[in-house]
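The first chain written gets the first letter, and so on, giving A, B, C and D; residue counts start at 1 in each chain.
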Amino acid sequence: MRAAIVQRPLDAAALLAEVAAVGHGATTCFVGTVRDTHAGRHVSGMDYSAYEAMALHELNAIVAEAEARFPGAQVVCEHRTGALGLGEASVVIAAAHAHRAPAFDACRFVIEELKQRVPIWKREHYVDGTRAWVDPTAMAPEGSHP
Amino acid sequence: MRAAIVQRPLDAAALLAEVAAVGHGATTCFVGTVRDTHAGRHVSGMDYSAYEAMALHELNAIVAEAEARFPGAQVVCEHRTGALGLGEASVVIAAAHAHRAPAFDACRFVIEELKQRVPIWKREHYVDGTRAWVDPTAMAPEGSHP
Amino acid sequence: MPVRVLLFASYAEALGRDEVAFDPADEATIADVLAHLRTLPGADRLPPRPLVAVNARYATVTDAIRSGDEIAIIPPVAGG
Amino acid sequence: MPVRVLLFASYAEALGRDEVAFDPADEATIADVLAHLRTLPGADRLPPRPLVAVNARYATVTDAIRSGDEIAIIPPVAGG
């Protein structure tokens, strides 16, 4: 298991390779990317910031919880901070297991927990030049994903 | 959407890139790989064969069903046939969507359906030199994944 | 005109070949194809009700077959 | 000796700074930190009960604080 907060572009293939092992028959990954629309507004980019020490602690805790909840799973997660353009990856999670159900479930667990408790924030930049902090607690559930 | 039966090594990163789009905030992938043990036996490799025309038809149908069931999802799947060594990928699925729940669900749907209905077979080679066709219908559920 | 009957994986191994020709009578069904296969050496290793396909689509044993059809007897699938 | 109070994202923007020093009385709690913050310009944009952390771990407002602690006021998280 490993978690990191990084300032460089993410590499999903590298994380898939990191959890690969001949005892694993199933590997899943999740890539979260900056989308061009949010809550009906046209987005041009996103700034991610973090309380880095705490975010790293929480992310490591979540990855460890995933491996404890799905015994045999190997999980790695990297979250990027800084200014990201449209389509760039903000988070990548890779999870491997002997079998596919826990590989999927471990990956899903990490992204759901990450969104609940890792102190990372994002400010959207809109095509009209304005910007706003994203507050998932203030949005309709439909608009709050991913 | 796209599905293929191929005889070359699979490239998960290429499939992730194929479904990427600025309207997609979430991309998932599943990679199935040859495992070193199965039902308690030590595996040294695997031969995959297919009724290729029918397998391609079923795989395309499954990918189309995934996109219909999860509107907005974009899905691609490649399955490899031939002789595969330990750790080599036999199948890769990538699914992208604006939001994460349908991205995960579409990916999962494809692998579950694939295992039910795509006419592909595999023969395991064991470390002791013997080999056997895998019959998921004859195995305990625990040993039948992935 | 005969139909082609395709065998795969463990079934091909059981019968020692991956294709069988069968000349169906009028109004023949897939059941007739299976009955013919069961006369061949090794056919005792086929299950009572194998999956079947006609022209690369899943079918049922009561389905009619036509001259030129490609029939397939499908072992338990194991993709992924 | 004062504690450091860290502000992030929309809260840092609201108060126009990302760190505030606060010299706690004996037996002070995080509630006292928040009460101090609410005397500062822009603090009306903080919610009634923000998430808080002490030394990079989630905490509750009734938790005691100690000299040298790093207190953080955590806006709604939006990672991923």
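The rule is short, and it goes like this: a contact is a pair of C-beta atoms (placed from the backbone, for glycine too) under 8 Å apart; a residue touches a chain by one contact, two chains touch by 3 or more.
Bear in mind that the values here come from a model prediction, so they are computed numbers and not experimental data.
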Touch-connected components when subunit A is not counted: B, C | D
{"item": "Centroid-based (C-alpha) most distant chain relative to subunit A", "value": "C"}
{"item": "Subunit A-subunit C separation of Cα centroids, rounded to whole Å", "value": "49"}
{"item": "For subunit C paired with subunit D, centre-to-centre distance based on mean C-alpha positions, whole Å", "value": "74"}
{"item": "Where subunit A and subunit D are represented by their mean Cα positions, the distance between them in whole Å", "value": "26"}
{"item": "Touching two or more other chains - residue numbers and ranges from subunit D", "value": "80"}
{"item": "Sites on subunit A at which at least two other chains make contact", "value": "32, 100, 111, 146"}
{"item": "Interchain contacts (touch definition) - all pairs", "value": "A-B, A-D, B-C"}
{"item": "Residue numbers on subunit A that touch subunit B, as the complex places them", "value": "12-13, 16, 20-37, 86-87, 98-101, 103-104, 107-108, 111, 145-146"}
{"item": "Subunit A - residues contacting subunit D, complex", "value": "32, 48-51, 53-55, 57, 79, 90-91, 111, 114-123, 133-138, 146"}
{"item": "For the subunit C and subunit B complex, residues of the former touching the latter", "value": "6, 8-10, 13, 53, 56-58, 72, 74-80"}
